[in-house]
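Note that subunit A is present in both complexes that follow, paired respectively with subunit B and with subunit C.
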Partner chain A sequence: MALSRRVAYIDLSTGKIETKPIPVEIRKKFLGGRGLDAYLLYNHCPPGVDAFSPENPLIVSAGLLVGTLASATSRTHTMAKSPLTGLLGSCNMGGFFSPELRWAGFDHLVIKGKADKPVYIWIHNGEIEIRDAKNLWGKSVTDAQWAVREELGDPDVKCLVCGPAGEKLVRYANVMTGVKNAGGRTGMGAVMGSKNLKLIAVRGTMDIKIAYPKEALEFNKRFIEQITTAKVNQTMGILGTPFIWGATNSWGGVRVNNFQYNQLLFADDVEPERFHEISNETFGKYHMAGCFACQVHCRARYRIPDGPYKGCYDEGPEYTTQGAFASEVGCTSALTVLTGNYLCNQYGVDWLELGSLISWAMELYEKGILTIKDTGGIDLRFGNDEAVIEMIKHVCERDTWLGDVLAEGGLRAAEIIGKDSEQYLIHVKGMQNLHSDERATPALALNIATASRGSDHLRSRPAIDLYHLPEPVLRKIYSSPIPYDGPLSSDFREYAGKPWQVFWQEQCFMAVDCLGICKYHTTFLGATLPNFEDWPKVIYYNTGLEFTPQELWTIAERCNNMERLFNIREGLTPDDPHKGDILVDRYFNEPAKRGAPDVIGARIDREKFLKMRAEFYRYHGWDEKTGAPTEETLKRLGIDNEPSHLL
Partner chain B sequence: MHEKANAKALVINYEKCTGCRLCELVCSVYHNGVSNPAKARIKVEKWEWEGLYIPMSCRQCIDAPCMNVCPVRAISRDEELGRVVVDHNVCIGCRSCVAVCPFGAMGFDPAERKVFKCDLCDGDPQCVRFCDEKAVNYTEVSRESLFRKRDAAEKIAQAHKKSTELISEMLD
Partner chain C sequence: MFKDKSTAETLKSTRTYGQFRCPNPTCLDRLVPKPGEKTVKCPKCGTEWRVVWLKPDLPRIRGPVWETNIEIARKKLEEVEKKGG
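What follows is the complex of A and B.
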C-alpha cells in the first residue's frame, strides 16, 4: 500500500538507523513529499544551526503518489537548511530515484550527522546499510552511479548523488540522479558533501498496492490525455523546455549581460530549433526521453557535436541552460550551451546560479571592479565563450581565487570582492535569479520576490499570465476551489489581481510537490491542465484516501506555512535586502531596453509592488509588517504548537 | 495446430522508446493490482550512459523453449491469440522455463511461487494502450518486417537526400 511506506532516520555520525511508520493522521495533514519534508525539517533542524553542521538534517523523499498511476509520478524532493541562503533549502527532481525508493519500502529519509570518511547509503527492500565510498569519492555524477551499480552487481540500482561540486562544498551544488535529472537550487548537494555522503543507492521489488487498480488504470488514461492534448506539452515533447526560452526571448523577457538588456540578439544558434537539429543529427529522430511514467518526455538526448568534449553523451539542455550560458553571459553559441550543460551535469552544480554569477562577475569586470589579475588571466568580457567554460570549471574545482569566491554564492562573494559589487547582483534572499527578466510582468516579479526558497520560478509562477487569456477563463481557473471575486486581468503588465494568481499558483505547486507529480502536469504552462479538481480522484483511486479539492487546498496552505515558519525562524523579514521578500533595486530603477512595445521601458513600480506584497500576505494570513503567520492562521491550520515532534 | 494468419503480437520499435517505464507500471497494476516493475511482464532495459532504452517482453515463440523444456507440459500455445500460456494448475514451479528463455521473458514470483509471462492481456495489451509513442505495438505478425523495411528505407532515403544536397553544394 502506498501508505505503508516508512520514514527512516539515519545518523551518519553514530551509524544508528531507525525506521517508523507514517501515521495516516500525519498523511492527512501533510500528504508526503515536500509538505511532509517541511514538517520534518522544522522539527529536526535546530534553530540557527549552520547549514554545514552535522545537525542540519538532509531530508529526501518521494511524494504520496510516486510510483502510482497518476502520470509522471517521478518526483524526488530534498530539503535541508540551505548553505547558500541560510533559509529553506529545497529542491525537486524527476528521473527514477523516488519510485525505486518506494519499491524499496521508504518515503522519507532523515539523514543527520557526519560520517568520518566518505560513505554511501544502500537501501534495498526495507534494509538500510551505510557503506564505504572510498572508491566513489571524487567521481563525476554519472561515473559514481555506474561504479556503484558495478559494486552492487545490479544495473537497475538508482542513485541520488552529489558530484565533485558537492564534495567541494560549492554552496549551490545539486543532488542529481541519472544523466541529468537535477535537484537544483539552494545547494542540497553541498549539504551531502558536508556529511561525507557521496550517494544514496536504492533498489526495491516491494509491491505498492493500488487501492482501486481497475479504476486507477482507466482514470489514468484520461488524466494522461488531459495532459498530452495540451499544445504546450506537445511542443515540450518535441523541443523540450528550450522552447520557453525562445518564446520569452522573442518579446524581451530574458536577462542579457547580467541585467543590462532583456533580449538576446543574433540568437539563431541558441534557439530551440537549433538544439532540436543537433539532437537529430547526433542522436537520431526519436531523441526525446521521459521521466518515470511520463508521456510528455521533455528531455532531449544528444552528443556534443564539436569542441574538446565532442562525442560526449548528455541530455538537455533546458531553457535555464540557454539562459545561463547564452543570454546572461551574452554568448550566442549552441556549443557553449551544450558544453556548459555537460560540465554542470558532470560536476553536479546548479547552472541557474552559476550562469547568473558568471554574468555578474562579467559585469564587474566590465565596470573595472574585477580586473584581469582577479580573474586569473581570463578575459571575462560578455560574449567570451571560452571564458564561460573556464569559469564553470574553476568554480566547481575551486582552483582559482575568483572560482573559489564565486563558489561561495553571490552575497558572500560580494562581501569578499567589496566595492560596489553587491549593487550589480541579481538575487532574492541570496539566491541568484534565473535568466528571466520580470520587469514587465508584476505577477512574475512578485513570484520571485516571495518564493520560499529564494528567487525562483518553480514555487509560484503563474506562467499563464503571459498568455493574455480572457478574463472569464482566468476567473474559472483562479476562483476554484476557493471562491475569488477580486480583480483579474488579461494584461501581464497589470498589478491588480496578480497577488491572488501568485498565491493560487503557490498553493498549486505545493500540492503537486506533496504528491510527487511533475509541475508540467498542472496548471502551470497550460490553462487546461489538471489542478485541485482533478487530484482528489487520482489520490482516491491510488491510495483510497478521500479529500475534497478544498481539503487539498488547506493542506497546501498548511505546508506553505510550515516553510514560512522555518524561514521566519531563520531570520526572514520582509524588507531585509539579504533575506527578505524583496527585489534588488535594479528592478525598480532600470527600465527594460529591448523587446516588444509593451515591454520596452518597463520596470517595477516600488509602491505598487509593496501593495501587491501586502495583499499577498493577507491571503496567507501573514502579518503585513513581520511577514510571519499570525496566531490565528496557525490555529486555523492546526500548526500552532510546532515543533510537535510527531515524526 | 497452425498459427492463425491474422494473429497479432507485440512489435517493439525500440528507437521510439522514451524510457519512461509506464508500460512496466500499467502491466503490474493490470495483472497484480500493484505498482511493482519486478512483477511486470515487460521491462525496459537501459544503457543510460548512451541513452539506449530497449523494451523486452515475451516473443510468444512458435517453437517455444519454455514449452519444450517444461517437464509437466504446463506450457502450451494458444493459437487463437498467438500466445504461449502457462497452466498454473499443472506448473510445479521448477523454473526450468525461466532458465531456458533466450529473452529473459519468463519471470518468477517468489511470494506467489509461480512463474509469470506476458499473456497479451487477453488481446488488449495495456503496455500498448498506454504507450503514446507507439514504441510498443500490437500488430499482425506478418507485418512486423514491413515496418522494419520502411524504417530502414527512410534512412537510405535521407542519406540519398543528403548526398544530393552535398553534391549540389559542391557544384555551386
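What follows is the complex of A and C.
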C-alpha cells in the first residue's frame, strides 16, 4: 500500500539502523513529507542544539502521494535545524529521488550522529547500508552521482547529494539531486557535510499498491487537463520559470543593486526569451524536460555558449538565478547568469542566498565599507560580471577572506565586517531575501516576513495577488474550503485582505508539501490549478484515506503550527531583527524609484504592516505579543502534548 | 462522494486568450494586442510594452519599451520627490 512505507532511523556515529512503520493515526495528523518531517524534527531535535552538532537530525522524506498514479508527485523534502538561521531548516526539490526512495520502501529517513570519515548511505529494496565515501568526497554534485552509480553498477540509482560547498560547511549549501534539482535555502547541504555524509543513493523496485487504480488513473486525466490547460503552465513549458522574473521586472518588482532600485533597465539579454534562444541553439528545439510524473516540463537544458566554461552542460536557469546573477548584482549578461547557475549547481550552493550576499558586498564596496584589500583585489562594483563569477568560487571554496566571511551567511558576516554593514543587509530571520522587491506589494512583504524558514517565497506567497484578478474571482478562491467574508482587493498595493490571502496560501503550500506535489500544480502562479477541493479525490483513489477539504486545511494548519513551535522554541520573537517576523528598515524607509508609474514611490507602511501581521497571527491563533500558538490553538489542533515521541 | 467540479475547475471559464493586463497596478483594463503585434501601448497610463507570441493566441509581455517607460518613470519620480515621498 501507499501507506506501508517506513521511517528509518540511521545513526552515523554508531552505525545503528532501525526502521518503524508509520501509524495511520500519525498519517492522518501529518500526512507525510514536510508535515511529518516537522513532527519528527520537533520530537528528535534537542532544544537549543548547534546546527552542526551530531545531535541535529537530518530528515529526508517523500510526500504521501509520491510514486503513486498522481501527477507531479516528485518532491523530496529535507529538514533539520538550520545552520544559517538557527531556526527551522527546510527545503524541497523535484527530480526523481523521492519516488525511488518510496519504491525502495521508505518515506522518511531520520539521520543522526556524525560519521568519523566520509560515508554515503545506500538504500535498496528495504535494505540500508552505510558505506565508505572516500572516493566521493570532494567531487562535484554531478561527478559524485556518476561515481556512485558506477560503483554500484546501476545507472538508474538516484542520489541526494551535498556538493563541495556542503563539505566546506558553507552555511547555505544545498542538497541536490540530478543536475539542477536543488533543495535550497537554510543550508541542509551543510548539515549533510557536518555529518560527513556525502550522499544518499537509492534504488527501488518495490511496488506501491494503489487503493483504486482505475479511478486514480481516470481522475488523473482530469487533473492533467486542469494542469496543462493553465496559461501559466503553457508559458512555463516553453520558457521555464524565467518568465516569472521577466514579468516581475517589467513592472518593477525585482531587487537591483542590492536594494537600491527595483527594476533592471535594458535587461533584454537576461529576459526569458533570450535563454530560450540559447537553449535552442546549444541543445536543440526539444530542450525542455520535466521531473517525475510532471506534464509541465519547466526545466530547460543548455550548454554554456561562451567563456571559460563554454560547452559545459547544465539545466535551468530559474527565475531566482536571473535575480541572483543579473538584477541583484546589476549585471545584464546571459552568460553570467548561465555560468553562475552552472557553478552553483556543481558546488551545491543556494544561489538565492549567494547572489544576495554578493550584491550586499557590492553595496558595501560601493560605500567604502569593504575595500579592494578586503575583496582580495576584486573590483567588486555592481555590473562587474567577472567579479560575480570569481566571488561564487571564492565563497564555495572559502579560499579568500571575503569568500570565507560570506560563506558564514549575512548576519555572521555583518558581525565580522562591522562598520554598520548590517543596515544594508536584506534578510528576514537571517536568511537573505530572494531577488524580489516587495515594497509595492504588502501581501508579499507579509509573506516573506512571516515565512517559517526566513525570507522566502515558497511558504505563503499569494503570487496571484499580482494578477489584478476581479474581486469575485478572488472571493471564490479564498473562501474555500474555509469561509471568508472579509475584504479582498484586486490592487496589489492594498493592505486590506492580504493577511487572509497569505494565511490561505500558507495552508495551501503546506498541504502540497505534505503530499509531495509541485507548487506549480497548485494555486501559486495560476488561479485555476488544483487545491483543497481537488486533493481529497487524488488522496482517496491512491491511498484509500478519506479527507474532506476542510480536514486537509486543518492538517496543514497543524503542520504549520509544528514548525512554529520549533521556531518559538529556538528563539523566535515577533520583533527580533535577527529571528523575528519583521522586515529590515529599508522596506519602510526607502521608496521604490523605478518601474510602472504606480509603483514608484512605494514603500511598506510600518503601522499598516504591523496591523497586517497582527491580523495574520489572529487567523493562526497565535499570541500577538509572543507570536506563539495559544494553548487553545494547540488543543484545537491536537498538538498540545508535543513532543509526544510517538515516532 | 465528491463534488462534480471544484472551484478551481469552474474558474477555467474565466480564462482569457489573446490579451493581458497592463502591469501598472491601477490599469485594470486588459490590453489586446493585434495578432502578431510586437508592441502595445496602454491607453490609460501611456506605458508601452514589447510583446512576444508564445502561441498564436497566447501573447506575453516580454518587457517594457525601455525608452518610453523610463521617461514616464522619471517624470513620476520627480512628482513623488517633489511631494516629499
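We take it that the second predicted complex is superposed on the first by the 647 of 647 C-alpha atoms of A that agree within 3 Å, B and C clash if a C-alpha of one lies under 4 Å from a C-alpha of the other, contacts with A are read in each partner's own complex, and residues count from 1 in each chain.
Just so it is clear, a residue touches a chain if its C-beta (ideal position, glycine included) is under 8 Å from a C-beta of that chain, and two chains touch if they have at least 3 such contacts.
Note that the structure is a prediction, hence the values are computed from the model and not measured.
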item	value
Which superposed partner A:G454 touches (first subunit B, second subunit C, both, neither)	neither
Touching partner for A:P536 - first (subunit B), second (subunit C), both, neither	second
Which superposed partner A:Q226 touches (first subunit B, second subunit C, both, neither)	second
Of subunit C and subunit B, partner touching more subunit A residues	C
Which of subunit B and subunit C A:P462 touches, first, second, both or neither	neither
Touching partner for A:V473 - first (subunit B), second (subunit C), both, neither	second
Partner chain(s) touched by A:G187 [first = subunit B, second = subunit C, both, neither]	neither
Subunit B versus subunit C as contact partner of A:G86, first or second or both or neither	neither
First (subunit B), second (subunit C), both or neither touched by A:G94	neither
Interfacial residue positions of subunit A with respect to subunit B in the complex	67-69, 96, 99, 103, 142, 146, 155, 178-179, 205-210, 213, 216-217, 220-221, 224, 228, 283-295, 297, 301, 313, 315
List of subunit A residues in touch with subunit C within their complex	222, 226, 229, 231, 234-235, 238-239, 243, 246-247, 249-252, 265-268, 271-273, 440, 467-468, 473, 476-477, 480, 490-493, 523, 527-531, 533-534, 536-537, 540, 591, 593-601
Residue numbers on subunit B that touch subunit A, as the complex places them	15-22, 25-26, 29-30, 32-39, 46, 48-51, 53, 126, 129-130, 132-133
List of subunit C residues in touch with subunit A within their complex	1-3, 6-12, 14-15, 17, 21, 23-26, 28, 45, 47, 49, 52, 54-55, 58, 60-64, 66, 69-70, 72-73, 76-77, 80, 85
